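Right after this note come the structures.
Both complexes shown next keep chain A, but they swap its partner, so chain B is in the first and chain C is in the second.
The block that comes next holds the complex of A and B.
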């Protein structure tokens, strides 16, 4: 178990290196010069040259990359060109927002998907199944920003029940924080929901055909034990796998959702930094996301043996 | 004696189970009657598709929900249980009537430990404490021949071989001390060497516990010497029924004769090819008009193809069969002879 975890963790090094090199190169390919962007209307050839030299932007890419890497290895993620704040503190503020968004969205998606999937599987082609599959395909076909706009127009503009934008840190006021997170999390959740319901429904329908479900009935167990212990539990594999795989694309979705709802998360930070050519912050964000992605996958791998004993003894 | 104690443990009367399918009404079980006394064993034998599984599940009331047409009655200890809904049946399932299924590889839940799978209904039905139930489960595993029962209780199904899993399934079925055990091809999925062990185990447990048992199989060789009586099934009906010894020495139904010829003889290594019955069982959405076996029968005459033979007594105690030209009678011999002549 520990050996497996360490082996997976070792992947972190090549992934982080590859991702950071790629980002460095890509950022250099982008048109626009940070010095111009930073100076804005105050830019004169002289001030631009000065700033370029001060930010070491005149040095070759590989020199800048290796000095950045040296910094990272000593725990220094660099700082913003714009306001000289350390990238680590910018990320420190943004990361909890993104994590909350991701976790809440998956909690909502699973809380909706499990009962819907279970019910649809038990009553295939019933009205819940039909509505769920129609709505599912609707949300699948719709990009998250459209869903977001739709939800905002219903709940914020129409019903005036929830705020459309604005963010309150959890520490300041948990109630307000949750209210401000409902619509963004729901937007993100709806994107995953369709797939989750389908997967659980399909796997449950095949589990229901299994002999051990009939055995459970023949034991005289109450319906809920037959359902949860002997049908739903053995049907969770594809769902857990999907959540694991989905988290990668979810990070992309979270970026968009943060942008729509003006949440100060890593996504918003990354996008803003890209627009402002704040290279080092972009670099730090991408690194954090890549590391987070690997860690999440590791976590999912570690979860498997807990839900599937067959994996435990290979 | 109360009425319930006087009546046989199981009395099945004119039981029918039909499925509505896209191709029409599938007559899986079509008018089956028999009785089973306490502590006795009945073998139900027939080719694959003859309705044995549907029959045993119908007896238990354990049918899929949905397009099922049911008829006839099942009386258990004097009570008509065929009218009970699933809540009423649950009172009997696992406690009074238990079942061992054909495939031990798929009968156990892969994500639940063996111990839990033996104790869950045990605790439910007997109200035993967790510790008592565990001790009982370990004793059960030991009695069905599983070494190191304590360790096995903590394991998952995939850690056990097929034979071991079927032993576990037998322990599961026996856990609550049922009075009727339905064993549906309990050894079909197992290696030949393991088959005899499991069958002997079932027989021993059945005797020890004075439990009635219905042993379902497609292999007459399995019931020989292991059951008190045998019912031979063909196309959803019982076509011959007799005490086991009588059936083997004095069979009347040509179908039974054909089944006997197809028993694999392990003692006869040079000659292990079976005399398989030619042809296939009829499509039970469109059963033949007369005797359902007639299209495959060497004895069949025009009467067989026109008129369905009723079950009748052979004269020997407890022996009934449904045939117009029975094996071992002058009519049967004559029919066979005339068919041979006409063919050549």
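The block that comes next holds the complex of A and C.
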């Protein structure tokens, strides 16, 4: 177990380094003199000189990269050009909102997907299965910006039941907070739901044909034990993988959802920084999101052996 | 893009469902032709948009803003009085161009890299796979956003950003298929009779990889269109007043209470197009999946 974790960590380091190089190079994509582009209309000879010095734009790329990386490793992600706040504290305020959104959406998606997937696999081609697979195929063609607008038009504009925008921090009023999170997390959840149901169904059907399931039945275990301990558990293997793989589109979805519902998360921070050309904050956000994504995938990798003992010795 | 990977996992099992096992080559079925028909219709409409009896997408005309469907405006008008049908059709151009162009680039680059990695193995494989994994280490929309932000929003830049997203998964897919076929007897035979490497790769391996790459390509086109829509929705693709489905949905979401049609029609068009591409791609893959047919 420990050896596996160390091995995975050893792969993580070069990937994280490569991610940081790519992120760093983003700034160098800016056309012309980055200092002018970043400052835009705020450019005065003095501010350009100040920024060039601060970004060390007169030094070679690799020196700049190593000093930037050094800063990143000590928690200095750079500063906003608009209000001089450190990017790390901006991200620190935004991150809990995004995490709450992601966790809530996955809880909703899994809470719906597991019973639906298990039932569909137990009764393949029954009406639940048919409806679930048709609806899943449909929701795969509905990106979050479409689903979000649809949910707003039904629940906020039509029924006037839930707020379309606005956010209350959980600490201020948990009730209002959850109310403002219902539509955003539902939007994200519906996107993942389709993927999870389809996957769990396929996986369960093939697990049900395995010898160990027959053995479990033959030795007289009650049906429920066969189903949950011997079938659902090994089938969760690919579901966990799917949650990991799905995370990429989930984070993209979270960006869009935060934008639609005006939630002050990392996505909204990134987008606002993009619109205000606050490039250092954009760069910091991209780095944090990418490294977080890599870390969660590592976590998913480490979960496999816990769910499926067969991979423990690979 | 990540959904592609999940779909890949799903399809062979679906094709192997009990009642399908009897028919080795399944008919494509009526739904397939309906989906293909819709795709043909939208491609033709977008290509011939200038010849169709439509008002220009930016024309304010003399129509009532926010009017319902009428003989002059089949889908009605938006809150500025612009013809919605015309805007949806011109918007299709952006989606289709970005969708197909970015995947064409992705297939070309990913195809070459995948063939090299799968055929030569060793360090070539290690380097290419590692690079593909780094590309995959960015959440798709975030990488797209970042690239477009720093390059500036325009049609070529959006296409470039999305092809960058497509290269990773397509490389890994082609690599996997190449690995599989490189082991087959006919490739070995070709090597044994002394054919040159490029001949073996191009004449023996490539033709076998192409069908599955193309059908995955169709599903990737759908993903690319969705990604373009997301960038447009956020105002980071082709900018208004030029219509795209994404920026129309964004405009429509601001006037949902008065004129829901503004968001509705581009959403319907995108939904049907993505659904059709997914369905057609899925079906073709089920059909071309050599593994399923041979075993």
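Throughout what follows, the second predicted complex is superposed on the first by the 241 of 314 C-alpha atoms of A that agree within 3 Å, B and C clash if a C-alpha of one lies under 4 Å from a C-alpha of the other, contacts with A are read in each partner's own complex, and residues count from 1 in each chain.
Criterion: a contact is a pair of C-beta atoms (placed from the backbone, for glycine too) under 8 Å apart; a residue touches a chain by one contact, two chains touch by 3 or more.
Small disclaimer: the values here were computed from a predicted structure and weren't measured.
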item	value
Three-chain arrangement built on chain A, chain B and chain C clash or fit	fit
Partner chain in contact with A:212 - chain B first, chain C second, else both or neither	first
Partner chain(s) touched by A:166 [first = chain B, second = chain C, both, neither]	neither
First, second, both or neither for A:307, with chain B first and chain C second	first
Touched partner set for A:92, first chain B, second chain C, both or neither	neither
Contacts of A:152 with chain B and chain C, given as first, second, both or neither	second
Which superposed partner A:229 touches (first chain B, second chain C, both, neither)	first
First (chain B), second (chain C), both or neither touched by A:220	first
Contact breadth on chain A, by residue count: chain C or chain B	C
Closest Cα approach, chain C to chain B, once both complexes are overlaid on chain A (Å)	9
Chain B residues touching chain A - in the complex, by the definition given at the top	60, 62, 90-95, 98-99, 101-103, 106-113, 120-121, 124-125, 156, 158-159, 169, 172
Partner chain B, residues of chain A touching it in the complex	210-212, 214-222, 225, 229-230, 233-234, 307-310, 312-313
Contacting residues of chain A [partner chain C, same complex]	14-15, 18-19, 22-23, 26-27, 29-31, 124, 137-138, 140-146, 149-150, 152-153, 157, 195, 198-199, 202, 205-206, 238, 242, 245-253, 255-256, 259-260, 270-271, 274-275, 279, 282, 286, 289-290, 293-294, 297
List of chain C residues in touch with chain A within their complex	1-3, 5-6, 9-10, 13-14, 17, 130, 133-134, 136-143, 145-147, 149-152, 222, 226, 229-230, 233-236, 246, 249-250, 252-253, 256-257, 260, 263, 267, 270-272, 274-275, 278-279
